[in-house]
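Letters A, B, C, D and E name the chains as they come in the text, with residue numbers starting at 1 for each one.
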Amino acid sequence: MNIGLQVAMLAVLAVAGYFLPALFGGSGAVYSAFVLIAIFAVMSYGLDLIVSDLGEVSLAHPVFFAAGAYATGIISVRLGLGPIATLVASIGVAMLLAGVVGLITLRLREFVFSLVTYAVSVVALTLAENWAFLGGSDGLTGIPLFKLDLGVASYRAVTDKDLWPVAYVMLLGVLWIVRAFRRSRLGKAAMTVHLNPRLATMSGIDPQRTRLMVFLVSAPITAAAGWLYAYQRAYISADVLSPYFLILMLTAVVIVGRGLLFAPLIGVALILAQEKFMSFGGYVDRIILGTALILTLSFLPGGLYEAVRALIARLGPAGAKQDTQIEEGATECR
Amino acid sequence: MSARVLEIADLTVRYGGNRVLAVDGLSLGAGEVVGVVGANGAGKSTLVNATLGWSRGKPVVSGRVLLDGKDVSALPTPRRVAEGLLLIPEGKLIFGTMTVEENLAEGATDPGPDRRAYSAEDVYSLFPRLKERGGHLGSQLSGGERQMLGIGRALRLAPKALLLDEPSIGLAPKLVSTVLHTVRELCRDGLSVLLVEQNVKAAIAVVDRMILLERGRIVLEGTAGEMRDNPRIAEAYLGTQQA
Amino acid sequence: MNVGQQIINGLVLGHSFALVAIGWTVLLGVARLVNFAHGQMYMLGAFVTWAAIAEFGLPYALAIPFTMLVGIAVGFLMQRVMLQLTLKQDLVSIMIVTLGFGHVLHGVAALVFGSTGQILDTPFSTRNVYWNDLWFTWQDVAIVVVTILVFVALKLVLDRTRLGRLARMVAEDPQLALLAGIDVRKVYFGVFAFQGAAVALAGAMIGPRTPILTSMGFDEVIMTFVVVVLGGIGSVWGSYIAGISLGLFTAFFGALVSPAYTTPAAFLVLIAVLVLRPGGLAAKPGGGH
Amino acid sequence: MTVVADMQCGSVAARTTPPILGVEELGVRYGALEALAGVSWQVEPGQILGIIGPNGAGKSTCYDAVTNLVVRSGRVVLDGEDVTKVPAHALASRGLRRAFQQNAFFDHLTVLENMVAVLQDDWGTSFPGCIFRPLAERRRAADARAAAAAQLARMRVEPRFHDRYPTEIPYGTQRMLSIALAHGGGAKVLMLDEPAAGLGGEDMRALVELLGALRDDGLSIVVIEHHMDLIMSVADRIVVLDQGRMLAEGTPAEIQANDAVLDAYLGRSE
Amino acid sequence: ADDPVKVGVIFPLSGGAGPQGQHISHAMAAMAEMINEDGGVLGRPIELLIRDDESTPAVGVSRASELISEEVSVIIEGWNSPVTLAMQPVISRADILDITAISKADPILSGEGNPLAIRLNSSNAQDGTVIAKYIADKGFSRVAFLTENDAYGQGAQASIEGALKSLGHNYEVVAVEQFPFDQADFRVALTNVRSANPEVTIAINANEGLGMPAIIRQAHAVQLPGELVAAVGTIAPSVISVAGPAANGLIGADIYFPGIEPFSTYPANQRFIAKTEEKFQETPDKFMALGALALQVWAMAANEVESLEKTPIAERIRGGSFSGTILGDITFADNGQLASRHYLFDVVDEKIVVRPGQ
């Protein structure tokens, strides 16, 4: 396929995506679901870079999400600044925090890395709940509406329907950034450091610097989600640091398949669809989410994506042969 | 010839869609050393791994393996090991996070009268170098020290048949012959050895019989003497090395 | 400040931390596995003991082994599901899967046991000992004694028998362990079963100190992290020492500063230690025991 | 022949062509073990230096010391520049590259992707570049693949293996891939650690050819090897290590005649 | 025949506060039945749509948007303050009436999230007075606080101390121990309190399932000197049933008791209790009563202004009075806060006994 055609198809897809909520009926609930999907997907993409590319499980990402949300809340409430300023501030604060977390965890790997990032989350949670500057346990109220003044025109988002274009543009932007990251020198370096640090070092890659840089790219993405979330909810409290968001992110990142561009987006969409439209109450939802996580990771190493592909392949004659071998192979290591 | 300790029949191995091994029959008598030679990728490692039902990849294996006349092909790897079928694999063959002593600590639980279980002291007297480094971690050993430790580890488990995958890799020239002659010595006690070697020149000096694998099939088989005289072997495997 | 009483508080807390952590220490140090559902398994231990006593009328002495059996069963089940991941040593997936297990266990426990607080009273927990201005319960004594017994027994087993060595061989390279004649699955099941039994025992012993809720487990697993890492990953004695130290730290930090900030303070200590010594405090070079 | 123990520092300076890589008085300790002490050698442009010695002599440790992967004493000079303090990752761009004794790959990338990954310095696009100039990036990525394929072909990794994973290809090819990855986009000095280990027949001949070809391109190579036929036929000079110290240095012929080397390493039976 | 009027209800139905949330929804169902028996609202029956906020603001907000798209006429919500604060702007922007039943945080009435806020549970400021008065009356001068370390706990302590000062009572705070919401082991804190030898210890802990019963039991076990007084509204019957005999001697205060004068004399309350007991075999507690009261007040106001519109109903309630509710005759302040009257009680034989003559 030539480039022109590909670009055209991408453009059509991007435009079509914008009208998806309308296609689903366009009610307020549908728009708020789509806005949330976009926000949480963006939040998850930040973590995706760490999990899929750097090969570590960061449990500190709720902190970056919260950093974006709190920065937005505080600056818009106390200084009365608009969305552009708050976005810049969110990204700045997140990068600062990411720098600190990145430096602390520079030499840590695997489970110790996860543990320390988790510690960062717990410390942040306590801080958010107790520091009056951040609103304490009551949180920050009175976050103003999303209002963009562009000189000639101004854009004011009252409902989630009004917020959708913003959320959608942010989502597209982040998708583009993630794709670019994976194709860039930095993305490749992250992957090599993950797969074989010694060889990477001798190929001229500084593993510690790479890890730090990936953190610095990842955190602002998650923080941008926090930025829009603050406007969408008009209220921010320490609950953005709760395990709910952490599990949501992690599940979204791994459930469809690691390292696939659209996987976190689809993951978030699946989870929110279940929660919003097929909820069985808090406990059963918990069991469903947990079980989905367990089963996909344990039995579908490639995520749902691989499973669906294998299923499609099984239906076609060519794929059937390949599949039996995978199964026989799996019984091998006894 | 003495009783057959190990028999392999109709062994085939596939990776993905490719058949990488198809051995119709191969047997090993008591106290016999059989060499397996062949180019890189001929399937030598695949042959010995499949005999143990073991692999680091995901192959599909079929065929029969008989140990002392008993069919072990349905047994999982650890059970075959317990029966006295041992493999020292190519590459990583010792535990890096454990000391030399710990690597040698695990012995056969109940080998029975017909199998000799080597004690750690026996191993140290075979390889004095290991004794010097007894308290060091496996990961701190040099390549050659690892080979010695790997062989020692296998001996502790009282093998009936020992499958050795390229033991001379990474060994200093002086040690290659030491190791191979040690293997030869071991057979005095009735141990049977299947020795995979690239270093044909060194191997041919210690084997009773030798087979040549090409693209997963046995294409030549004969006593050490026959093979040495075979022009095909001389040209492909002894030629350059004798230069 | 009543220093004597705070030392008692700290020692009892410390032994509790150590007892909760011991399963993890073995899991991580010996088999290089992690289990983020540890806290929920602790919760389950407390509730199963409670149910055994309150619902089935078992005496406490029988409720404990019953609980441990349930713990073993849960550990076994988890390991069964994750077997492919453990054989592949896919630590990233294992972390996430066990997080999922914690989620599921919490949901199931809440459905089965309800979400109201319960009191797990035992023959020991209701008997107080007052001595001058010092106070403790017989349950506290039992916790200390059981913890010491478990640690000593474990140390003996790991040092004197081949079990510890087998597990470490499997942990390093399951495939190579197969060639050493080790039934790798059995070892993995065994380690997980031990972890399940140990944490269930912890639930049965420590649960009686406070009301129990199905939503608990979070704090326990946090403290477990700290103990395991400070103790030098996988070191049995290290965990014991780290547990006691953390208990005393908790008591004195609570007494002198504020109980409100104990957890973050413990974590800050942990972060500081890790940044200075990435291997933890007790770890010798090469991770010796 | 020079017996190293008698060798003066002055003799280093006396050489005519300046060495491309020289190490002076390298020392490494692992706890109580003195793994390396007082090791000095140098390679001249377009030469192959062999390092041999018994197992555990400290050959691989010597590489780790040169590439700053262990704490060590001594000096390393690369192309006239003192690189003793340069961190390991910065050596590649200065032209010093190495392979490892065990095969080292990025396991979950295909062979071609492995090669592309180590060519990023020359062919990669920066992150902003990827965001703002996607078309340019696409062209460069295509060029990178072509360059990687060419480089692999040069290193005798056939195109039919390019889309396989490294663990799936034949062992001999894996060794070649290791060398290709170590060499990357180019180097002044390439350090190989037992490249012939496990190779035989055809593959061995291919390796000899490759080493020759690389040298003819002006590359300096340091090779650790236990394969005497190989090392004696390709090396210009040979250094012998034993128990962390230099036992001898000289031309292959000199080494083969050296009594100390025969005793410690080669054995006298053959 | 008419379409029912939809009423949205959002409380935690799972998690630590789940049981209480479920009880509240039961009480509201009983109240809805009472209202429907009396002819409903504007002649239409009411129908409750009950949702679980899982004590999580994010979930609460989703549930609120769900109910908004179901076109409910009013949303009655609020157990946790952060959940209420998170839902307020969402409900307010959708122009739907929002009544908060329990959540205590002060910003709920600030007008930032909802300019027409209404809240039934007593505020911290109201609660402080009754405890302060008790301390002053008893002449206690050595006072210790065990305070939950969040806005609620600190607010409650501040209001008690404020009230003590305005009463001119001379006292000394001998110990203040703060702890996180989910703490269950108070031995370290209680050791400190005991060493300080207080005449009265005030426990401020809204964690009814865990923290409060734990404090009661552990205070009993360490033989804490002096009296133990619980902050207003923290001693539900469920707390006592978990704490067991250790609760005897505890002193508390609250704004509603089902079977005690004057509540037992209100006909609406009698009917409400009978209905709840008949339908759910549960005797209403304060929380249940407040939930039902919210529904009752809304129905009264809507019927009076003959509209389901947000603004007229809210304006009727804020600053207005109602008679014949399950809490008798009640009045709302202009900011939407229900004026409440507190009653001191003791725990005797694991039962709440209200002090006579208040």
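Please note the rule applied: a residue touches a chain if its C-beta (ideal position, glycine included) is under 8 Å from a C-beta of that chain, and two chains touch if they have at least 3 such contacts.
Quick caveat, the model's predicted, so the values are computed rather than measured.
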Shortest chain-hopping distance from chain B out to chain E: 2
Other chains in touch with both chain A and chain B: C, D
Chain whose mean Cα position lies farthest from chain D: E
Greatest separation from chain B - chain, by CA centre: E
Chain C-chain E separation of Cα centroids, rounded to whole Å: 37
Where chain B and chain D are represented by their mean Cα positions, the distance between them in whole Å: 30
Chain centre separation (chain D, chain E; CA means) in Å: 75
Residues of chain E touching at least two other chains: 14-15, 18, 149, 180
Multi-chain contact residues (two or more partners), chain B: 16, 54, 56, 76-77, 92
Residue list for chain A, restricted to those that touch at least two other chains: 126, 130, 282-283, 330, 333
Residues of chain D defined as touching chain A within the complex: 67, 69, 87-93, 97-98, 100, 104-109, 116-118, 120-121, 124-127, 129-131, 134-135, 137-138, 141, 181-182, 184
Complex interface listing, chain D residues touching chain B: 30, 52-57, 60, 101-102, 167-168, 170-173, 194, 197-205, 226, 228-229, 233, 265-267, 269
List of chain A residues in touch with chain C within their complex: 51, 55-57, 104, 107-108, 110-112, 114-116, 118-120, 122-123, 126-127, 130, 243, 247, 250-251, 254, 282-287, 289-294, 297-299, 301, 330, 333
Partner chain C, residues of chain E touching it in the complex: 14-16, 18-19, 149, 177-180, 182-189, 191-192, 194-195, 208-210, 213-214, 217-218, 221-223, 238, 242, 244
List of chain B residues in touch with chain D within their complex: 15-16, 37, 39-41, 45, 56-57, 90-92, 129, 140-145, 166, 169-177, 198-200, 236-237, 240-241, 243
